[in-house]
Every structure is written in C-alpha cells, then in structure tokens.
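In what comes next, subunit A is part of two complexes: it sits with subunit B in the first one and with subunit C in the second one.
And now, the complex of A and B:
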C-alpha cells in the first residue's frame, strides 16, 4: 500500500477520482453526447463524416480564441470582451503588412508583437485593480475605432498569395486551423494541469490574497494570461486573413460571445480557480455542433441565438449548483 | 445625503471636466451653443442617460447588467408593434412593466442561484437578442401612424417629451436611492455584501430592485427611442453598453460598488453627449465616436485606479502636509 492510498483510506486526502469531483467534466461530455444523440435521431445528415469535419473546422477558430482565453477565466479575471476586435485588427494588420510586400515572417512577427503589447497593457490595467470587463470593453472600442479610422472602414487585401499556405492548406487532409486548435488545446491543457505555472495561475484565481501571501505575484500572472489571450485572438485573425486574402473590421463579430459561451459551457468556474483547456475545447465543439444542427434543422437566426443564450444560462446555473453541493459535502 | 458626500473628492474633477468639454466645444464651433444644438444634446442625453442609469444602478449594487442593449431592442420591437393599437402612453407603460418584470426575475435568479451577474446577464444578453430577432421576424418593424413619433420628439424649447420623461426618471431614481430604505440597501449590498448581510440587510430585496430598475430603464430607452424614430430593428442598441457604462463611470460610479450618485450619472451622460455632439458637428464618422468613447472610458478607469488605491492617496497626502522631509523622517522612524 502506497502512502497516497493510506491517506485516502484514512480520509486525509480526497481520492484522485470520485463521482463528485467528476461531476463537472461528466456534465460537459454528457452535453456533447446528448447533442450527438439528438442529432443522430432527428437529423441523419448531422452524423456524417463530412458534417463532423465541418463542425470541427468551424469550432477551430472559436476554439483557439476560447482556449487561449481560458487562462483569464481560471486566473479570476472573468473574460475579455476585446478578442473580436483584436482578431479583426490582427487580420487587418497582417493583410496590410503583406500588401506592403513584407516577407511573411516579418508580417507575422509584427502582428503578434502588437497583439502581445495590447494584451499586456490590458493585463497590466487589470493587475492594478481595473475591472477586466470594463478595461477590455474600452480597449475593444479603441481598437475598433482606431482600426476603422486607419482603414477608412474598408476591406484590406493582402494582394499576394505568399501567405495562403497559413490559412488554406490542409496537411494530411486536415485544415491548418484544426491542427492549430488541437495543438493549442494540448499545450494549454498540459501547462494548466501539469506545470508549476498552471498551478500558480489556478491558485491566483482561487484565492488572490492567499496566492500573494504565499509569495506568488498575481499581477504578473494576470499580465501573462491577457497576453496569451490576445495572441490567440491574433492567431485566429492571421488564419482568416491568409485564408481569404483580406482583413475586414466586422470579420469577427460575435466571436467574443461564442468563445465566452465555449468557456462557460466547458464548465470553467467564473469566479476563477477552476477550469480546463480541454473542457473549453469540448465546449467550443458543442457550440459549433449546436449551431450546425440548428442550421441543418432550418432554425431561424433568432431562434439560434436564443438557444445559444439558453445553453449558457442552463450550463452556468447547473455548474453553479453542482459546485455549491460539492462544497457543502 | 451621505451618498453625495461620499463621492465628494472626485466631484470637483468631474465638474471641471464637464465645464472644460463644454467650453472647448462651444468656443471651437459657434453652432454648439444654440437652442437647436442644446435640444439635440438633450435628446442624446435622454437616450444615453436612461441606459447609463440602468447600468449605473446595478454597478452601485455591486453587480453589472450587461443585457441592457438587448432588453432595449426587445422593448423597442414590442412598443412599435403595439403602439398603433394601444396608443402612446399605454404602450410605453406596458413596455416598462415588461422590462421591470424581466429585470426583477433576473435579479431574483441572480440572488437565488448565487451566480455572478456578469455571467447570468451575458446569457440574457444573447438570449434576448435572439428573442428580438424572433418576434420581429428578422425584419425592421415599422409603425403606420407617424404622428405618434412626432409627439415624442416635439421640441419644447430645449426639451422634448422624451427628455422630460428622462429628467423625471432621474429625479425619481435619485429620491428612491437617497431617501428610501430600499435605495440605501442597494448602496449597502454594493459597498460590502458580507458586512451588509451581517448587519441584517436582506440581500434579495436590493438585488431584485436594482435589476428591476435596470430592466425598466432599458425598456424605457428602447420604447421611446424606437417610437421616436418610427421603427425598431432586431439588431438595434447592440453597442449601447459601451457608452452607458462610460457615462456611469465618468459620472463617478465606482466599479467596486456602493459608490456613485444619480446626479453624477447625469453629469457623466451629459459630458459624453457633449463630446459626441462636438465631434459630430465637426463631421466625424461614427467610428471616431466609438474611439473617443473608448478613450474616455480608459481615462475614467485609470483615474479610478489612482483614486481607489489608498496607499497612493495616503502617500500623496503626506507629501502635501509634511513635504519630502516629513516622509523621510517617517520612514526612518519606522525603520
């Protein structure tokens, strides 16, 4: 008998697995399975290989934004309302740099450097005590206004096919966006669950004062998570700009809502301290699958939005109740 | 009156900002300070002020209602569809009652489920937008009798019935917040929820009241703005939250909750309207207004950060009273 087992037997620590601890992940997976079953019985074309591919593809961009934003939620800063604008600005900037004849690496470097700076600035403001929602709302407005001003509210074209491979190629028959989505999810999940930084981040979200008292620097971690989120949004922007050869300001309208929905359906605790990158990825697939199923069923735009809103309300209420019960026992 | 005294330190800064913006624009453009332009500013104030009041009350209660824009859109579509049959006043009353009921239920659920209002109202923000598309059939709804629209926007010197209703709402909410027990409870749960609960303040009543007020004001904005323009679109008011929150924050409402006054919100909404009106007269396109609003919001957040950090403020006060030498002495004594 190992020491861990002894401790478990004596009740000193909780076992690694129990129904109670597994309730949130099970609920997330259950939602996706439920959706697939409903789709299977009601809509034959939903479960075809082709349609599955299209769901994963549409989940990829939202998924990249959502998974990189999960750090913000776990670290206790809710979420960012500026990711749509960051992604759109990255798309516009990348398209503009390419149209000026820059090499691809330079265009990528400058685009990501600007995104990182904007993310770090937002993280800094939040670290100093700014409300994350209001800070990101304000920065989003500034990015949108500045973007419209610089581009005269017009579409910016790359004017070259040098960057097409980033967004339009399909290594092994799978789009680059999907590869990136899977890779980012794996890396983020590993960092969050298996590294010291991931555990520090979780502790900052669970109890900021305790984290500071035990020598961590919550401010620094806040700056990191906002920078990562900004970089993720910029990556989505670069993918879109290189796939369609253009950047437009309204290209990512609604991306912030969809990615927040993915995080919430994925069961991250909104007050921080709990959440997982892989569950957010599953949440993104769920939202994409739900949208896909509703389109196949011919639901109108209004009903589709209404149901996404309902999915958020139901999942958030359910997770809050699940957690409340778990804490009492 | 304690609420007003509590925001006193920043009130001067806001008043200076308000006057400065006003002076700059009326000096740069002679059209700025004319009866017609002041009327236009008040029309904009009516539209923005009610939304700022809606968001502001929930911030004072220590929460945040993100759903005001969607609620206004739904109320706008309902009012425009009803106004031909019911007439102006009953329609507006129905819209406000629906908004109040919606807000009250939202507040109750937030209390009951002990859920972050941020998340819950994000859900209703999306859900109500969907509802707006559904009940309008994804099209703009138009009223047939445009004389009703005329009666809302008729110019009475610098006011219109719309802006007069808004002023009335501001006075009513101010009296409610400052002079009634219910209003004081909103400040109490916003300033320190645990302390308020320990002191025996019921949590449910102020939360339900704050969100009901927010729903009512959002519905009133949506109803009157839509009737005024004679039509309501399902995608309307999508960007209402940004200027509303900005107006409330430059009006001195603290994001930490428990601080802020209705008078401050009015000043904030007017200041933002001055800026927008001045820029519009200069021919700026809509995205410059968004840019300006975003910059103003960032400045407001930064100022609040500086004011809200007691250690910075205390250091500043010591510098002023004792000078650099005093501070050094204090450090030596502490060492």
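And now, the complex of A and C:
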C-alpha cells in the first residue's frame, strides 16, 4: 500500500483521493462559490473587494472561536457551550487589568492564563466522564454569574488607549482580527492534517476505545482541545475589548450557537472523527457572506434568520447523506 | 469509580461553600446619598408602606446583564428602599416565554405581601396574555419602558418610563439639525436632503420599533432619504458589524447621516465609519438616540448629539409612580414620561450641553456613564 492509498473499513485498498472522499470539502467550497455567483448576478456591491474584506472581518471573531472549537468536535466531545461567556469574561478581565494600569503584556498573559485554566478544567471534567454539553453549559453559567456579580452588570472600560492597536490597527490595510483568523486557521488546519497530534485527535473522535487500546491518552487530548477552545474564545474577547475599550457581559450573546453553526456548515461530523479547521473557517465566512448578501438585498430580520437556519439545515443534511454514501462504498 | 466520585463531590462541596459564603451579600445595599431618588419625584406624604397590606413590589424585567436594564434596576431598588418597599426583581433573558413562566409561578405562589407589579415585557405584543393574568389578580400593575401594546391599556394602572416615540422624534430632529450643520459647513450632500442609515435595536424590540416609527416621518419630511436599516443589538460590537454591512450596501449611493438607537451602538458606528475612510463629525454625522456609556465621542464631536434618556431615572420614576398610586389610589395621569432633552456635542454648540443639561437634578455624567 502506498502513501497515496488508504485502507477501507472492509479491508480493501483504495486511492487516498477520490471524488467520494472529497465530496464534503467540495460541497463546502461549492456552497461559498455558489453564494458568490448568486451575489455577483443579483447584487453588484456584494463582490467588491471592500465588501469581501468586510465579510471576512465580520466572520473573523466567530471564525476564531469556531476554528479553535473544531478540535472539540473532531475529538468526539461535541461542542463547548461556554465560549460566549469565556469570551465575555476575557473581555471584561482584560479591560479591568488595563484599567488597573497593568502593561498590555501582563494583561494578556493573565487573561489567557485564566482562560486556559478554565478550558483545562472543563476538559478535565469531560475526560473524567462528564457530558461535554452539561459541563460546558454549567461552566458557562458559572462564568456568566461570576461576571454579573463581579462587574455589578456595569461596563468595564480599559480607560487607556495602550491596547487599541490589538483591536483597531490594520496592518497592510487589513484588520488584525482578520489576520488572526487566517493565521489561526492555517495553524489549526496544519496541526489537524499534518501532525501526529492531529491524527491522534481524529482517531480519538472516531473511536475512543480503539484509541485508548492503541496506547493513546484520550483524556489528555480532551484537555488539550478544550484548552485551545477557551484560548480562542479569550482571543476574541481581547480583540473586542481592545477595539472598543470596554468589556461587557452581553458582548458575545449567541457566539456559541454561531460558532457551532460554522462548524456544522463546515461539514464536521457531530459524533466526531471528521472535520477540518479550514472547512470550519469557510463555514464561518459562508454564514457571514449569506447574512451580508441579505442585508445588501434589504431582507428583513425574520427572512435573514430563516435563510441562515435553512442553510445550516441543508448543510447538515447534505453532509450526512454524503457520509452515508461514502460509507457504503 | 471512587476516583471519579472524589472530584465531583469536591466540586459540589466547594460550590456549596461558595454559596454559603456569598449568601449574605444578597442583602440590598443602602442607597448612597448621591443616587437617592430626587426630591421632586419622591412620594410627598406617606413614605412608609402600610404594614398590614404588605410592602413587596415585584418587577418583571429583561436581564440586568444589559447595562441599561441594570441601571434601571439600581434606580428602582434605591427608590423602593427609600420608600419602605421590598423590591423583588425577576429577570428573563429577553425571552417572553421565560417571562410568561415567571408570571405563572408568581401568580401560583399567591404571595399576599405583593402590593404592586412593575411590568417590562420582553416582547410587548406576545406578553399581553401574561400582563392580563397579572391584572386579573387584582394587584395594580404599572408598565415601564415600553408603552402598553395597543388594546392592553386597561390591564395597567398607568405607564411610567421612557417615551420611545418622543425619543425617536428628538433623535430625528437632531439628525436634521446635523444635516443642516454639515451643509452649512460646506459639505456636499449625496441627495437633495441627504442620505441616512439607521442602526437599530434587536428585531421585535418595541422600543426600537417605536423609535424608528417616530423618526422616519420627520426624516422624510425634511427630505432625508433613509437608504437602509439594520436591527443590530444594543452594544458597540453590534453597531460596528451592522454599519460595515450597510456601508457596503450603500457606499455608492453616498451616506451622509447615521441614526443609531443608542450611543453604545453609535460607538461601534464611529469605529466602523473611521475604518471605512469616513470622518465622523465632518463628512458624515452620527446621532445616538440615548446616551449610554462612553461620552468620549460626544465630547470630541464624532457623535453629533444624543438624548438624555436615563436608565436610572426611569427606574426611580417607575417606583415613584407606583408609590403615588398605592398611597393616593390614583395617578394624576396615565402616561408618566421621563424627559428626554437633547445633548449636543460641544464641538457644534457655543455652550457645553454635556455640563449644562440636567434632569431632576442629575447631570449627563451622572446618568449616562455606567
């Protein structure tokens, strides 16, 4: 068997690349291309460079959260429902540290350290057998309640422009959030597809017992993926706090659902074992692009929600069918 | 098995200890002198609720994780405490179904100590059934923040709070004024009367519907074309995203004016416009409907003006109006609106309205920064 071949579940050898294997990635890319074509013919403003940049910027924060959460899904732990609260608390914490006169590096270090600890704790609880949905929901509630208690439901302001460059600068004319989104996607995609850790993570998600029997440590991998997810959410929080000079508890309402939507539209398997950081990123851009197109077309809020929901439904159904067909061959 | 049980039990024990340690913190704090209810709105005669009729006011409101609503809660709590009432606030997460359930639980509890309800619906129309259920208990209900939905006026003894139609009218007049200032400064408008976009509250939120509904006729009468509107949210991040989208849609038409439903949204609007190459205060004007949070952009002219609709004052006003009803058996008027004076940026006026405009003794900095 060469490196360009893989062993199927039935023991047969087949080429590493085939149309059936590529069906999910092609469907994701096809959806984005289709959206662009529809936009091209119906709405001239949609395909301008400035609007494309706006779409990617609009997708950036949710994209960062979703891409860093993709590891959780691939590892078979479904999703994290605490990312919106983690992002909000990171924004509040970072804003508070800056308002206390801390240097930017110290505020960043402590913010990310707290987020990493929170993620590791959630990963640890899941590794011990906790249901990931319940664990992250509970941690989200704890973070939300703690945030409300600590801030007295007030806006926490940085009170300084020392950290503005993080969220408001535009190297080469492109917002830092967009740069971070692209960089994180490239790094995550490379790790997932090209490293031993990525393969181990996928194996854990595909068959946890088999992975353990092979000498892997699923618990350790679970802790890693939850930690990375929390760090991604914290980065989104830091970007927002530095851009607007403030942290608010309701700043990331709905971010967890939007991130899950991006992962699903990106074709990740909910049960684990399959997914891609780059496809998740494309999923986030697709949703942002769809919303953008509908705003350009003047669609009402209800219609926009309806169509985004329908797009997610169609995506998930299509990917499920594609996977089912692939398993049969 | 034991290895799994130990951390779980440890976690529960830690949570129980935290809960026990925090329990005493729930006692309401004494109202600080600087934020006490203003003398002009406090009940004049009886300031102690009669013991035999109970002294509990229950307020159904959306979540206080929204900074505006939290400030409403602080004003209401302080005023209730100063008048001798116990205020119980029941929050929902902008979810009418959740609020409906809370109403049923409250009615089911049949608490005889409740003397009045304050009703702030998450969805004004969908919440009418719950409002009726509260009214049917015979306990007086006052509606706050959003005027009673058409046909539901009989379920409440009165309304106390903001007048979102007035807010929309004031904001629209400020947009027209901003347009005139821009023209007088030599800026060339992109249509005869100028082009505007609207960045609003979340879809379905009555305050946003009322504001836009009141603003549009004034804008249109002044010849201003409204190119587009997005229901964004309440904060800067939502204002930023919505503005980026509307700018992409209407840049070729030319945008002269932006009306944001509050100044927190306007903060995000300013950030987005600057990124898109505009100069707020010069080639484009931004008006916020309600002052909310940061005064920086109002001070430096990037926000042309806002309205002093104060969250804290609305909370104070709501409890004072309820007290008026409870002590006198009637209200002097059904609608009890808090004022909404405009506050213009000092960059466009001869005098500093941020320092000079006051409501009930409170200044802009007292009421707008939270």
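Rule of thumb we're sticking to: the second predicted complex is superposed on the first by the 317 of 329 C-alpha atoms of A that agree within 3 Å, B and C clash if a C-alpha of one lies under 4 Å from a C-alpha of the other, contacts with A are read in each partner's own complex, and residues count from 1 in each chain.
Here is the rule we use: a residue touches a chain if its C-beta (ideal position, glycine included) is under 8 Å from a C-beta of that chain, and two chains touch if they have at least 3 such contacts.
Everything numeric in this text was worked out from a predicted model, so none of it was measured.
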Superposition on subunit A - do subunit B and subunit C clash or fit: clash
Partner chain(s) touched by A:312 [first = subunit B, second = subunit C, both, neither]: first
Partner chain in contact with A:257 - subunit B first, subunit C second, else both or neither: first
Subunit B versus subunit C as contact partner of A:78, first or second or both or neither: first
Touching partner for A:153 - first (subunit B), second (subunit C), both, neither: both
Which superposed partner A:211 touches (first subunit B, second subunit C, both, neither): neither
Subunit B versus subunit C as contact partner of A:134, first or second or both or neither: first
First, second, both or neither for A:144, with subunit B first and subunit C second: both
Touched partner set for A:66, first subunit B, second subunit C, both or neither: neither
A:302 touches, of subunit B and subunit C: first, second, both or neither? both
Steric overlap of subunit B with subunit C in the superposed model, located at which of 132-140, 168-176, 186-194 or 204-212: 132-140
Touching both subunit B and subunit C, residues of subunit A: 125, 128-129, 144, 148-149, 153, 300-302
Subunit A - residues contacting subunit B, complex: 78, 125, 128-131, 133-135, 137-146, 148-149, 153, 257, 260-261, 264, 270-271, 300-310, 312-313, 316-317, 320-321, 324
Subunit A-facing residues of subunit B, complex: 64, 66, 109, 113-116, 118-120, 122-136, 138, 234, 241-242, 245-246, 249, 255, 285, 287-295, 297-298, 301-302, 304-305, 308-309
Contact set on subunit A toward subunit C in their complex: 45, 48, 50-51, 54, 57-58, 125, 128-129, 144, 147-149, 152-155, 157, 168, 170, 175, 240, 243-246, 248-251, 253, 291-292, 295-296, 298, 300-302
Subunit C residues touching subunit A - in the complex, by the definition given at the top: 4, 7-8, 22, 63-67, 69-70, 73, 203-204, 228, 230-231, 233-237, 240-241, 244-249, 251-252, 267-268, 271, 275-276, 293-294, 370
